[in-house]
Amino acid sequence: MTPHSGRQGWFVRRVVHGISGWVTLLTYLFMLLPIVVLIAFAFNAGKSTVVWTGFSFKWFEKVVSNRNILDALQVSLIVALASAAVSTAIGSVAAVAITRRSFPGRDVLGAALAAPLVLPEIVLGVALLVFMSFAGMILGYTTLIIGHVLVSIPFATLIVRAAASSLDPRLENAAADLGANEWQTFRMVTLPQLMPAIFTAFILSATLSFDNLVMSTFTSGVGTTTLPLRIYSMLKLGITPEINALGALMVLANVTILLLVMGRYLPLMLKTNRR
Amino acid sequence: MTHRLSLGLAASTLALLSAVPALAEDLRIYGWAGEMPDEVLADFEAETGIDVTFDTFDSNESMIAKLDAGGSGYDLVNPSQYAVQILINRGKLVELDHSKIETYDKIGPTFQNVSYDPGNKYSIPYVWGTTGLAYNKTCVDAPITSWKSLFDEKYKGRIYMLDNMLAAYIAGLQVNGFSANTSDPAEIEKATETLIAQKPLLAGYNSTNFADLVSSGEACIVQSWSSSVLQAIVDNPDVVYVLPEEGGTMWIDGYSILTDAPNPDAAYKFLSYILRPEVAAKTTELTKTATVVPDSMPLLPAEIGENPAVFPDEATIANADFILDLGDAMKFYQDGWTKVKAAP
Amino acid sequence: MRRERREQLQTGLMLAPSVLLLALFILLPLCVVFAYSFALRDPYGAVLPGFTLDNYRELVQGVYLRVLMNSFSLAAWTTGLCLLIGYPVAYFIAFKAGRAAPALLLLLLIPFWINFLIRISAWVVLLGRGGLINKALVFSGVIDEPIGMLGTVGATLVGMVYAFLPMAVFPIYAALTPIDRRLMEAGADLGAGPAETFARVTLPLSLPGVLAAALFVFVPSMGVFAIPVLLGGGKDIILGNLIVQLFLEFRNIPVGAAVSILLLGFSGLGILLYMRALRRVEAMK
């Protein structure tokens, strides 16, 4: 290192990093402040989400005994898990095929799988409803799951594709040299390396489905009111800390899942990305 | 292998979900959020052993779109008056057999023969209310009595209109002295101009959380459906609901049986149940919306039974129009409303 | 030869589910929408068979042009702000955060674990006249009276940036991390000033990420509808609201379909521009 570059280093450290540091700090305040306020007011004794009147757990009690919310939660969980499973499965297989096999129209398929990402969801939702009624499908779990799969499949495919394309082919060649057949190689070498990505794809797909409102509006049917749909109708009757309590519980559940499960996979995932 | 496993898992989940056990009797209702208390549904289930699924919608429009798609699977639906007309025209509703509704005669005389469905052939009125305005006492100096206040420069930036074409035109038409149900293109055009001129004064169009906005003082005056602000009135004495002197309008949310209802018998049982005076009283008490059963009035606590926001007096009601579907004239409203929405 | 055939069969089997899904539930529905955009309707909203260009003709009226301009300017503002804020954040996480990087990325996703509507309603409360921001401003003496922030364009933009910022940070971060620090140092060693190093090395190398970020923010912002209604008062109608209004409130499926096709065209245009820009950037390397 020359003294010259040292001065450069100082500039980059102080000014460029300085600006980015401040922007980052403010951005995180901006992103997290509403969440902190939201969770704080979940413990409000009064009915307001603005004026603090005292500490209480009553809104939590209220929300966990609300039959409508529990029913909707169940629907949302079923749909999130099922749609994430389907979209991860289909997306992973397609991702592996796209990165490992050559076939005509490979680029087209790759682009087509990413298409829902850039199709306005409302257009896709309306198109699906129009098509499903045209095809005589009954609205319910099946239609809801199909809709959610469409929303999440681009993410699932892209994540697994990124991981599959960064795999080291030498490992697979080595396995083949050691006498493993194709299937064994895939199962013992390729798949374990893809697992973190597949898992991430699953979690992300489930999250997207759990939060989805637009697609659910058009594809839900009898007895399949999802949580976001239920919350939407609750907003109309007035925002009470019950909604805050629900939000606080969601954060709690997600942090728990993340710490329990992602803690194991995340370092692995980031390592693959870094390479 | 994992792929196949998860695929198999997903497939069997789907299979399980679609194979609904047909043991207990089911009733599937598609209704307004907040107008049917959970207690009433639970009591009905306990008494009859029928399993009720109650899904909610948040506007007549989204409900119609869903039913229009066909094969909805619902038995009962809960449309407002103009939506009843549309659903009849779309062939979605069955002609009701009144003899199967044991408590049919409990319906008050004014609701026995409604204009949008003569003779209640396709729909049974259940709850009703009005479209008027709500204001926060702390930010107005004198009581508000007229739609004109929604067009008053004084409240600039503190006014919200309902984000609903038909509702917005009630104010736009009545403030000009026209009927809220006019089919006259010139009158609709005039109302459109009024609404466009009003736009710079508005904080916005809102049919979601307007009750919160007026209760918190964010808004001074909001155009409002009576049922939506009643909870805010109970919680905050500063909130007042009025039916404006120009008339305002009345709405009725009733129940109709769908042509493809899987279980119409259970639907009739439900209709007979909810029209019982004690059940109607419970509905009014818990949701703070008026029901069509006069015999339920004596059973109500005074603060609800004598609350003019819940039960306006006869003279006020007589002044209020019903919003109806106007068939071909809807085109003028829609073109006008698009202009209003696109105006600066 | 047999092995090759078997492999082809395998590939076919691997592709079948995704191809089927795309064809059945994206391609076919979009075809139906396309067909409906030329259809007729009766006053009660039933779609009637027929062929007309009136639905598109209706769109070239001045009214709809305004809607288009509104959507475009909202999407452009959102994209600009997200890039302006997202780039430094991604830069910081990539080069400066060190071991905290994974945690910072996860923190950015926390708001997404709470339902979208709850998130937006939190902003309704924060931006209200009685909300925390107004209270803090009045308390600190910056203003005397609470100011109305709900129902303004600013409030809409706050909500939009809040919703779309992570979509901008992630692609930029992904493009920045693989940049070899040695390249940046080399630039400096060759006598380039820091600003020049950034402008000639770091920024060009991260451009593909910036382009992806722009696409991921711009296209969905064109179809948004809940945020402008809940925070901005819903006064400046945009394409998303227009589609909801046409399909649901007016039951005018043919015109709604035509607007959808128009929106699809815009998304397509966005993707096309992205591809071209990407190719140019890659050619620059």
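By letter and in written order, the chains are A, B and C; residue numbering begins at 1 in each of them.
Throughout what follows, contacts are C-beta pairs under 8 Å (C-beta built on N, C-alpha and C of every residue); 3 or more make two chains touch, one makes a residue touch a chain.
Nothing here was measured: the structure is a model prediction, and the numbers come from that model.
Participant: So, comparing C-alpha centroids, which chain is the farthest one from chain A?
Facilitator: B
Participant: Can you tell me which chain pair comes out on top for contact count?
Facilitator: Summing C-beta contacts for every pairing gives the maximum at A-C.
Participant: Need the CA-centroid distance for the pair chain B / chain C, whole Å please.
Facilitator: Chain centroid spacing, chain B to chain C, equals 34 Å.
Participant: Measuring from the mean C-alpha position of chain A to the mean C-alpha position of chain C, what distance in angstrom results?
Facilitator: So the centroids are 16 Å from each other.
Participant: What parts of chain B, by residue number, touch at least two of the other chains?
Facilitator: 7, 62, 65, 68, 208-209, 212, 216 - these are the residues of chain B that touch more than one other chain.
Participant: Can you list the residues of chain C that touch 2 or more other chains?
Facilitator: 17, 121, 124, 128, 130, 247
Participant: Can you pull out the residues of chain A that are in contact with at least two other chains?
Facilitator: Residues 50, 89-90, 93, 130, 232, 235, 239.
Participant: Please output the residues of chain A touching chain B within their complex, sorted ascending.
Facilitator: Chain A residues touching chain B: 47, 50, 67-68, 78, 81-82, 85-86, 88-90, 92-93, 129-130, 132-133, 136-142, 145, 187, 191, 198, 217, 220-225, 229-230, 232-239.
Participant: Name, in rising order, each residue of chain C that touches chain A in their complex.
Facilitator: Touch residues, chain C against chain A: 7-8, 11, 14-15, 17-19, 21-22, 25-26, 28-30, 32-33, 36, 85, 88-89, 91-93, 95-96, 101-102, 104, 106-108, 110-119, 121-126, 128, 130-132, 162, 165, 174, 177, 185, 188-189, 191, 193-194, 197-198, 215-216, 219-220, 222-223, 225-226, 239-240, 243-244, 247, 253, 256-257, 260, 263-264, 267, 270-271.
Participant: What residues on chain B touch chain A, complex-wise?
Facilitator: Counting only chain B, the residues touching chain A are 1-3, 6-7, 9-10, 13-14, 17-18, 28, 30, 33-34, 38, 53, 55-58, 62, 65-66, 68-74, 207-209, 211-212, 215-216, 228, 231-232, 235.
Participant: Along chain B, where are the residues that touch chain C in the complex?
Facilitator: Chain B reaches chain C through residues 7, 59, 61-62, 64-65, 68, 86, 89-90, 157-158, 160, 163-165, 199, 202-206, 208-209, 212-213, 216-218, 327-328, 330-331, 334, 337-339, 341-342, 344.
Participant: In the complex of these two chains, what residues of chain A are touching chain C?
Facilitator: Contact set of chain A toward chain C: 2, 4-5, 8-9, 11-12, 15-17, 19-21, 23-24, 27-28, 30-35, 37-38, 41, 49-51, 89-91, 93-94, 96-97, 101, 103, 109, 112-113, 115-124, 126-128, 130-131, 134, 146, 149-150, 153, 157, 207, 211, 213, 227-228, 231-232, 235, 239, 243-244, 246-247, 250-251, 254-255, 258, 266-267, 270, 273-274.
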